[in-house]
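Below you will find the structure I want to go over with you.
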Amino acid sequence: MNGSREIDIHVPVLARVEGEGALDLKIRDGHITQLQLRIFEPPRLFEKFLEGRDYHEVTDIVARICGICPVAYQMSASHAIESIFQAQPGPWVRAMRRLFYCGEWLESHALHIHLLAAPDFLGFNSAIEMAAQYPEEVKRGLRLQGLGNRILRTLGGRSVHPVGVRIGGFYHAPAAETMAALLAECRAALPEAEALVQWVATLQLPEDDQDFVSVALRHPDEYAFNEGRLVSSDGLDIAIDQYQHYFREFHAPHSTALHAHYYPQGDALDSQAEGQPYLVGPLARVNLNFAQLPQAVQDNLNRTGVTFPSRNMFHSALARAAEIHYVLLEAIGQLENYQPSDAPYVAVTPRAGLGFGCTEAPRGILWHRYEMDEQGRVCRAIITPPTSQNQARIEEDLRLSLENLGLDQHDEVLRLHGEKVIRNYDPCISCATHFLKLKVDRE
Amino acid sequence: MSSAVFLPHADSQRLFDLLHGAGYQTLAPQARNGAIQFAPLASAQGLPWGQHDEQRPGHYRLEQDHSPRAFAWANGPQALKPLLFAPQETLWQVERDAGGQMRFAAVAPPQQARAVIGVRPCDLAALKIHDAHFLGGARDGHYAARRQGLLLVAVNCSHPAETCFCAATGDGPAAAEHSGYDLLLDELDEGFILRAGSETGRALLGQLGLPAASAAQAQQAERQQQDARDIQQRGLPKDVSQGLQGQMDHPRWQQVAERCLACGNCTSVCPTCFCHSEREQPALDGVSSEHLREWDSCFTSGHSYLHGHLVRESGAQRYRQWLMHKLAWWPEQFGRIGCVGCGRCISWCPVGIDITAEAAALCQGEQA
Amino acid sequence: MKPTVAVHKFSSCDGCQLAFLNAGEALVTLAGLVDIVHFAEAGYLDEEARVDIAFIEGSISTPHELERIEKIRKNSGFLVTIGACATSGGLQALRNMHDKDQWVEGIYALPDYIELLKDSRPVSEFVKVDLELWGCPINTRQLVMAVRALLFGVLPLEEHDKVCLACKRQQQVCVMVTKGEPCMGPVTRTGCGAICPSVGRDCYACYGPSELPNTAAMARRLQGLGLPPEQIAKRFSFINNHAEAFREEAKNWQGAKS
Amino acid sequence: MNDLRQPHEAEIIERVQETPSIYTLRLRFTDPAVHAAYRFAPGQFNMLYLYGVGEVPISIVSDPEDEHIVDHTIRAVGRVTDAMARLQVGERLGVRGPYGRGWPVEQAKGRDVVIVTGGLGCAPVVSVINYVLKRRDRYGKLTIMQGVKHADDLIWREQYEAWSQLPNTQVLLSASEGGPLWPWHVGHVPVLFDKAALDVANSTVMMCGPEGMMIAAGKGLLEQGIPAEDIYLSMERNMQCAVGKCGHCQMGGQFVCKDGPVFSWPEIVARLGIKGV
């Protein structure tokens, strides 16, 4: 009926996403002729700043790439540099890193669900508006977020740009009493996390069946987040140092962030062809590693009636809630076994070499590559954050879901749905622009 | 002098138990984060057995060896100061209702009888000064509340640090009678000689029913005290207060200011510094507010701020205020210099500025 | 009438805005005390609105950002910069010392699209700033103190003492004296709560220079601790590298021989 | 009684705008018992507390025998005093005090009183002027000397004119920079001393103002032959506690808050004129 309508939708600043981006959509003759998630955050050239800096400065620098997931940056960098220095931090550090990471997932996921995403599904502009009608839900969200922050502070001194991390481990080991108090808090919060999963399932998550490739870390013994191999839903299974053979970043003209594509056949480095979009993040992880979630988390998820792997991108919200449940259980486990350590880190000896680190940031895999000189200074660094990896997928999803919704819908409906789709990824635009690639093909 | 008794190291716990039995919480020195610090301690095992402190200007290291002693070190960054004069506390709070009416309420520090084990003679001397300052004139209620019921178990120094000069100020290394302790210890390799300095101390000591210390033990303690006195290298110029008068324009102030970070670490660790500022901390919703006080220092700009200008703008002026107050002006206020020779300001100055060296240079007049 | 508030983002990591979003219940209280009209991340969009108080996160690093900040200044009664990026140019001001054109060309396939001002600069170099909250990142306590004071109609107290004072008030043990750590506390502005020494490490000056920072004496001390000139320069040339006191001291050591 | 450092609530019962930046607050404690027990001497000061913002030391300018009121004349210069300027009648402040040692009004009995002020005027001396004027028979001649930098800086012009009309009272004004409408003297305060015809053996001098001015005036007065013990000055330093504990107001060994703010010349002279003390 209005198939010949000309629709131009321009959302100059996307609300409730981290960092600033815009959405441009042009529809001509019932077809999307232009669709861009434009990221105009000025690039901050971090990888360049890293050059020449000492290894012990790296964790403090990379934290500044992103205020929302600084821990992920610190962890990927630590792993990469430790691998070059051939340092083995040992089980205490590994356990505390998992706990630390739990704090970041909890804080970031709770923030996204309550402050950024839920208003979409309940019809509000902001969580603060929403709080008038859903005070308990919003408060529960703030409490969970606060608990995540407290876990981060216990090990990191503060929750944003934590200062407690060093190459080799942590600067200090919290006192046993501090950890006992934290344990009590986590136990008390567990029922809230369980309830949260059920609550998210009651939200009107749109039905939207799509085909996509999920990519995440997998670890043989645990639900992976701080180490593992890279696997995909179409059968990829590689070591993290192989990443650049299967994934490649490119500069899309409409964006200051680099996009990434997946090359299932490998040889991404010298391929002339375009690769394909892929998904990283909570839904990718739950889709790939559902079986490794603790039974309680699986049962709780199963009670929602949604089955994983899921092809509905909007089930990301549910995956995020399930991960909150999971990290609380994981944190409780680490805290129950806590013993303060006299050696919260291993001393490292700088060496020259090349190393890789890949961990699961709240939004998905965060891949680092470092070249160091023999004094332990950075020669070159490449950092690939999750949001740039998701960007091609977000644009693909936008196209598909808007078409599924029907392009004859009202502008306002299209715009809202488009924003909803984007927010569902919890894109972290600040991160996305904080990197730059040093080697670019210029054909 | 009250009679001395002997407590073998193996029975050290009896001292703790005695104090707990009398209702005291015990605070004692412990090796924490690389320094000796006072903290609650219930078991004698937690004492810093075998720890030594190596102190030099701007330098403090703890080392562990097989010494059988618990007090084979000089001191840590704290004296009694933080236990009585809290680094940060709420003095009072106020609520305001919708009609603008204010209700002020006192905030009392917790009431708890505390016993501090391991107080040094210089700490006792500093305490006397703080008692005069905070309890004399307008009484400071918060200090008074913490001071009340504080039991002091002092230990004479057998291992002064290189930075110590209490012998020069007359405040150590052995505690004088009537210097304020309830119990006084001399530590020997095999245990402690104990004596009481107050009625409370005597009563407590009586309960232990310990044998008298032998003459040989007493002699050993005395020799040890003498050695501790002799070993000290630093000192203050003779008549330092007099010597500093008229040196306000000395070029040395500028020279020291070139090294001084004006960070206030010296004033924070000094057991006699009492400066503090007050600050308001209103709740976000505006219905209540807390009035805080916190340690301040003559090295901050706020210390001498007057509307529109600072009385002490430069590092030289600020350093001069510190040293002159300690050594030249304090006698006007308290009848003695404000330095008890503990050496903390020397060790804990990040750049190792040495008050004894500065005083000596200044007292020599204009030659720097 | 409740005062109107906007939170604007420029070149930054979003970390300072989190002082709002991580405030917990205080965020709800705040929303009751003021009218938030623009705060994209929290869901409020009215960039062009006139407001009583504007909080600015991030440094000015593109021509578009320069236009925006000028407009915001015109529309705002009281303008507060939050964090190192907005108050001193941030970590990314490191690029001010390099030839970025070359960088960007070497990096992006389509460099024309990437418009950059020559430098990353603090807001105060372009428009009048009424209050600066230093820190990378600022924390909720600083924010609450500032908002509360402004609601009372007074200027917030400036916190510019050295980190050492806060460190000693918490009875932390000095990491420089006991471990020889190259702690920047003696020249760094307080406000963070001395968290680095409290976890046993050196302060790296993320709150910027304190009042009366004796950077020369600090640098010589670092040298005494065994740092080569290159590392001394890097101590000053870090999170607040563009703040004058640090920038000047760094210059004294860059390229110097040990 | 409460802790010495805890304020009592007081209500503003009257407010006078003296000049665009100077205002007077007339206060009464809301607790009648507190009000009844409150006593002060001229030259003493209170700590005024503005809810949620902070405290400032402010002199008391009303008459100590007027039992109903406590007046404070305040210049709006910064955080606290600017915000206090917005308070209206009926609003409340916290007050604690009185603190410090005031003017030597007892020792001055039967003698001439010489007031020397400078700069932008000085509230503390207003208290003593009012005190003397109210008890005219107890004191000899009252001489008020004020020096300002620029003619325009003189506030309370009418007030000075009114004082100058009173019997046995002399008002002398000088400006370092005069002007066409400046009928008085030009130069620093000491230029006034010759005009004052001081009875040097029988005068008590009370000074308040910038330190530099007080030093110059004090030296001039000594030259005139006034004994040092008869010269008093009111000092200003940062104050937090006002009870001699916080250490901010120290000038050498003196605590301005409790040993002063009024000092005799011999007590404080050693500390005057040294930058940084």
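Residue numbering begins at 1 within each chain, and the chains themselves are lettered A, B, C and D in the order written.
We take it that contacts are C-beta pairs under 8 Å (C-beta built on N, C-alpha and C of every residue); 3 or more make two chains touch, one makes a residue touch a chain.
Source: prediction; values computed, not measured.
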{"item": "Central chain (distance from its CA mean to the mean of all protein CA atoms)", "value": "C"}
{"item": "Which of B-C and A-C has more C-beta pairs touching across its chains", "value": "A-C"}
{"item": "Whole-Å gap separating chain B and chain C, where each centre is the average of the chain's CA atoms", "value": "37"}
{"item": "Intercentroid distance (Cα basis), chain C paired with chain A, Å", "value": "25"}
{"item": "Chain centre separation in whole Å, for chain D relative to chain C (CA means)", "value": "43"}
{"item": "Separation of mean Cα positions, chain B and chain A [Å, integer]", "value": "51"}
{"item": "Residue list for chain B, restricted to those that touch at least two other chains", "value": "279, 282, 286, 296, 302, 314"}
{"item": "For chain D, residues that touch 2 or more chains besides their own", "value": "51-53"}
{"item": "Residues of chain A engaged with two or more neighbouring chains", "value": "none"}
{"item": "Pairs of chains satisfying the touch condition", "value": "A-C, B-C, B-D, C-D"}
{"item": "Of all residues in chain A, those that touch chain C in their complex", "value": "13-20, 40-46, 48-49, 53-54, 57, 60-61, 64-68, 70, 107, 111, 115-116, 119, 124-129, 131, 138-139, 142-143, 145-146, 149, 156-161, 163-164, 166, 170-172, 250-251, 253-254, 256, 428, 430-431, 434, 436-438, 440-442"}
{"item": "Chain C residues touching chain D - in the complex, by the definition given at the top", "value": "148-149, 152-155, 157"}
{"item": "Interfacial residue positions of chain D with respect to chain B in the complex", "value": "2-9, 30, 51-55, 77-78, 90-92, 94, 236-238, 240-241, 243-248, 250, 252-255, 258, 274-277"}
{"item": "Touch list for chain B against partner chain D, complex", "value": "91-92, 94, 96, 100-104, 106, 133-134, 137-141, 248, 274-280, 282, 286, 289, 293, 296, 298, 302-308, 311-314, 316-318, 320-321, 324-325, 328-333"}
{"item": "Chain A contact footprint on chain C (complex, rising order)", "value": "9, 11-19, 21-22, 24-25, 27-28, 31, 36, 40-45, 47, 61-62, 64-65, 90-92, 94-95, 98, 100, 103-104, 106-110, 113-114, 116, 120, 136-137, 139, 192-193, 195-196, 198-201, 204, 206, 231, 234, 238-239"}
